[in-house]
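Two complexes are shown next, each including chain A; its partner changes from chain B in the first to chain C in the second.
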Partner chain A sequence: MYGWFEENGLLLGLALLDGLAYAALVFMVAVGLNLVFGVLRVLNVAHGSLYAIGAYTAASLGLFLSARGLPEWASLAVLVVAAALVGGILGPLIERLLLRRIYAQEPVLQLLVTFALFMILEDAQKLIWGTQPVQNDAAMRLLGNFDVPFAGDFIPFTAYQLFVLPGVAVATLVGLAWFLRRTLTGRVIVAVTTDREAATAMGIDASRIYLLTFTFGAVLAALGGALSSPTASLVPGVGAQTIVLSFAVVATAGLGQIEGAALTALMIGLSRSIAVYFMPEAEVLTPYLIMVAVLLIRPQGLFGAAETRRV
Partner chain B sequence: MTTSSSLSRRSVLAGAATSGSLLMAGSGAEAQPAKPAELKIGITTFLSGPASVFGVPAKQAAEMLTDQINAAGGIGGVPIRPIFVDEGPGTEHLVGEFRRLVQSEGVHVVFASISSGSCLACTPLSDELRKTTVLWDCGTQRIFEEGNHPFAFRTQGYGTPEVLAPLLYLLKHKPDFRSIAVINQDYAWGRDSWELWKAGMDAMKPGVRVVAELFPRFNSTDFSTEITRLLALRPDVILSTSWGGELVTLVRQASERRLMERSLMVLPVAEASMPSLGRNMPAGHIIGSRGDHWINHPRPRDKASLDRFTAAYQARFNQPSIYPCHHMAQALSALQAAYNKAIAAKGGGWPNDQELAAAFRGLTFDTPTATITIREDGQGLEDQIVGLSSFSSAYPYAVPEKMMLYPAAGISAPVGQKSVDWLKTLRAGMENTAGSAI
Partner chain C sequence: MRRTETILAIGGAALLVLLAFLAPWLRFVLTIALAKGIAVLGILLLLRAGQVSFGHALYLAFGAYVVAFLAPSSPEALILMPVAMLLSGALGLVVGLFVSRYREIFFGMLNLAISMVFYSLLEKLYHYTKGTDGIRVGVPRFLGMVLERDDFEWAMFATALLLALAIGFFVRLYLASPMGQALSAIKTRETRLEFMGLPARGVLLSAYVLSTLMGGLAGAIIALTTRHVTPLLGYWTVSGELVFIAILGGAGAALGPFLGAVTFELVRVYAAASFADAWQAILGLVLMGVILFFSRGLWGMVESLARKRA
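Here is the complex of A and B:
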């Protein structure tokens, strides 16, 4: 065993660096979905579309502004602005015009409605951005590379991948935890997540909380997409693959659990990158193997509380 | 009464004639069709999902060419009408759509498909429904190597020459390479193309060390872990048959992290992604185009025709015409040639399904860059051009330089042989004889 670590320890170190960056992106998308699911109890399939539109908008806005003399240093700020725009506009629209009408409906119907919305938004993306890859890597190029020493050599990582992605994810986690536990609005959201009936009986305006939470979740989804845009080329279908992975994180983490989403994203990110190094054929399976393993032991998820059936 | 009796006799005669026709059809003969008011073509292509990066440009090319053909009088004097079907929802959906196109829409011919899985599902239907089916883009070698399909024809090259040509180029350009890694999409083409490459490489240059075989999830947007591993392994050569947005992402991430300074990349399906990559594509790497239709082809068969096609497409859609556009053009060119041949053989009469299929076998048709022949097994022979990525003032994206042209007949598995078995019989030195500088 010691020999294995001696031989592969350095590779494991590289895998950890890669895993952290991947986990950061997974967390950004999944935490929004988890929050929405926790409060609204609606499994929003269109969350993947908000991710994709956030990514496309960030890339397009960056290209548009840089063609008009936007300084390079502002390219990072453009990502946040794009996410705020997408989440801030689409979030309230979707919640008010669509979701509000189906809160009392069967979960299957809710799933179908958000799936239909996902399909509509997929086509809208094709109409707006076409089918050819869209890209803008200004934010990645801005920060350059960071060389990590490796066995007498060096491995170049982008500073964006190494510092920005994990940094934003940690800031989001800490900020969310502070918001949910230290502010009145946050505590109200937690109260609705924990027991919706009791919270509304206490006079909480659930309608306002739903709107706020969904908008917040939409901004987080768009931010995840915006943060991914400097490293990825955007093509139709980018939202679909994101939503599947996010569902795995939500199921593993437990309903409405922010820390659970962070830990699950970390487990998935690290296990995936370790698999690429040591067992590449298992890479695709790792998130779902983790999900199955956790749910077999804790059906309510890592951090979820077991619910008693109400009669 | 007389009238009634007469009608009755006519009905009986008509019934007998119809029954006879049906019986004849069952025994192999076909009804003799009248010239239709329009020639309907069912075209299956990706209109949704990641592969729409190919499917939508091909649809656009079909629309543009259809307009041009109809403006010139159609095929045999009949205007053509394309009916598009999306491959995106999957094979089961496509099989139903194929039947609908033939049985409800009454299409005269089907163009199928981009995905190899789609083509594998559609060719048995062409047998069953006895409907001429032009395989206009898919590349799997299995179609004509694992079965006989009398109504199916491929109007472009396929996986074997499209993988072998870049391998031969590599063997000539960098004969001393000793290690290789592969990073392909995790689906049929990614796996099959690696199997073809490895069979040829092991036969012509045994002893090359394969340091990594990476198959990231289809439609991945992050290759940072794979790139770190490849940076650590430092292979002499990295092969990737990936395409579309994934290839663009892979090259951008690899280029940013200087992987392409450490290893030579071989990208057999690069052409379609070059416009998207622009100046982000590093120079000096091996690039292929699934054919010979590079925009800077130095000696096309008909330069005016090539320029006309690329300029018209650019003007109408504000995009360069990538290889699926050329494959669609080839399919339509083949269809025109086949109808002309069949009509001439019938002395001006309109051909039935069987006569049209017969015209496709052994057909020779022109493309702007070359002439393609369809072999007796239905496979088209399309030449391959491979080169090194380079930049000039003429294009805002990479195009090949130091090009080699590989005639199709020499790099395709002979009729009746399976590609992998044939590739295993190749020997060192083929890289010096199979192609020529162009």
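Here is the complex of A and C:
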């Protein structure tokens, strides 16, 4: 065992760091999906498209602005602005114009409406950004590298992936937990998630909460995408990959769990990147294997509460 | 309505044959549409129980790869199809024993996860599956004869049409039987089904296995028709497509899936030809329109037309 570590220790360290950065992104998307599902009871397949559009918009906006003399230090802010724009515009549009009309429909039909939206948004991305890879890593270059001490050695890693991504994810987790438990609006959201009928009977304006939650979820997805954009070049299909992965996180964690989603994202992110370094063939498999294994043992997810069956 | 359906099914079949005669290139499209219709019949069974599988492309791809692997050693199409179907059903039984414990989103997501595991195996095990390049299926035989390309296409079209009619008829009987009624009960009140002494899990499992038999058969027909299989057949968007077709056609009757599949493939062919970059968006708009304005699908429209006349 010691020999193995001597040989592969640095690789393992790199895998852990990579996994942490990756888990941060997965968490951002999955927690939004989870929140929206909890309140609206609609599993939004187009959530992954919001991630992809957030990423593309951030990259293009950054390129556009820096060509017009935007100082380099602002490239981080551009990511956040792009996410707020995408989520803040598309979120309310989708909720008001589309989802609003289908709340009374069967769950299958709701799922399919968002699937249709996913198909439309996928093509819209190809029409706007083409099929050629788009890249803008200004934000990552800005912060440079950082040497991480690991097992008596140093691993050079980008400061962006080391500090910014996990930092934003932790801030989101803490902020969200505080918002949902300590503020009035947050508690109203929790109330609607727990029992929509009772909440409405207490005089809560569910329609406003739906709009708010969906927009918030959309901003989180777009932010995840925007933050991912400096680390990779963007190609069509990002949305499809992201959504199945966040489904896996949500189902593994159990519905309505924020901290659970964070832990699961960490688990899936780390094991995926360990697979990338040590067993590349299994990379795509790991999230699903974890999910299947967890659901075999705990059908309601790792942290979900068992629901009583209706009679 | 049942008589109308029978008449429409026979009329529709005749119309498809006529179309295939008039426009030979449509024969290929229609064979694929019929195959997908058969797979969608399986989705329809699960929809009756209120469950939606986002992973049935697994069985499509499995059936197709069974054909691709076995075709070199036994090129007889009429043997390959039932073999693919039975093996797919066996896989369905194993998976079904697991997923039939779950409902709604967990059921859907588990199916999705298992199908994605299979998809990545197809993609990664390059040594056996040639990865994303896929496998070419050699010239199959039909009833022991090596047919000309044109004749073989006709043979596959006719087989698909006959199978579609037979399986459609079977599904209609199944849904009207006590088994089918119990299936609808899972959607409305599962616990009461158990009170009556019927095991809900067994009812769902049997429908699931039937749906995987149909999925495997559909995959075999597709592989024999396109003569080239790739992992893409098992990607989750294909599973979504099957559910899409089910809703487009309408889940109310066994004819719905075929109405949906033929419309879907024709829209796809025309949209891909005229708007190469936006065909997916056009399909999305069609789906959205159907759900928002005719949630009972194309079959629902036919039904209300027939009611008005009666």
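Convention: the second predicted complex is superposed on the first by the 284 of 311 C-alpha atoms of A that agree within 3 Å, B and C clash if a C-alpha of one lies under 4 Å from a C-alpha of the other, contacts with A are read in each partner's own complex, and residues count from 1 in each chain.
As a working rule, a residue touches a chain if its C-beta (ideal position, glycine included) is under 8 Å from a C-beta of that chain, and two chains touch if they have at least 3 such contacts.
Since this is a predicted model, take the numbers as computed values, not measurements.
Trainee: Quick check on the chain A-based superposition: chain B and chain C, clash or fit?
Mentor: clash
Trainee: Which holds for A:I189: it touches chain B only (first), chain C only (second), both, or neither?
Mentor: It touches nothing on chain B or chain C.
Trainee: One more residue to check, A:L35. First (chain B), second (chain C), both or neither?
Mentor: In the superposed model, A:L35 contacts neither chain B nor chain C.
Trainee: Return first, second, both or neither, reflecting whether A:R101 touches chain B, chain C, both chains, or no partner chain.
Mentor: Second partner only.
Trainee: With both complexes overlaid on chain A, does A:V86 touch chain B (first), chain C (second), both or neither?
Mentor: In the superposition, A:V86 touches no partner, neither chain B nor chain C.
Trainee: Report for A:L43: first if it touches chain B alone, second if chain C alone, otherwise both or neither.
Mentor: After superposition on chain A, A:L43 lies in contact with chain C alone.
Trainee: Quick one: is A:Y288 in contact with chain B, with chain C, with both, or with neither? Answer first, second, both or neither.
Mentor: second
Trainee: Does the superposition put A:E122 against chain B (first), chain C (second), both, or neither?
Mentor: Touch status of A:E122: both partners.
Trainee: Examine A:F247 and indicate which partner it touches, taking first as chain B and second as chain C; both and neither are also allowed.
Mentor: Touch status of A:F247: second partner only.
Trainee: Kindly classify A:T231 by the partners it touches after superposition: chain B alone (first), chain C alone (second), both, or neither?
Mentor: In the superposition, A:T231 touches chain B alone.
Trainee: Pick out the shared contact residues on chain A: the ones touching chain B in one complex and chain C in the other.
Mentor: 122-123, 126, 240, 281, 284.
Trainee: Within their complex, state which residues of chain A touch chain B.
Mentor: 11, 14-15, 17-19, 21-22, 25, 122-123, 126, 130-133, 135, 137, 140-141, 145, 150-151, 155-158, 161, 228, 231-238, 240-241, 272-273, 276-277, 280-281, 283-284
Trainee: Quick one: which bits of chain A touch chain C in the complex? Just the residue numbers, please.
Mentor: Where chain A meets chain C, its residues are 37, 43, 45, 98, 101-102, 105-109, 111-113, 115-120, 122-124, 126-127, 240, 244, 247-248, 250-251, 255, 281-282, 284-285, 288-289, 291-292, 295-296, 299-300, 309-311.
Trainee: Okay, in this complex, where on chain C does chain A touch?
Mentor: Its residues touching chain A are 47, 50, 52, 98, 101-102, 104-106, 108-110, 112-114, 116-117, 120-121, 123-125, 189-192, 236-237, 240, 243-244, 247, 277-281, 283-285, 287-288, 291-292, 295.
Trainee: Give the list of chain B residues in touch with chain A in this complex.
Mentor: Per the touch definition, chain B meets chain A at residues 48-50, 52-53, 55-57, 186, 212-217, 219-222, 224-226, 228-229, 231-232, 244-246, 248-249, 252-253, 256-258, 273, 275-276, 280, 319.
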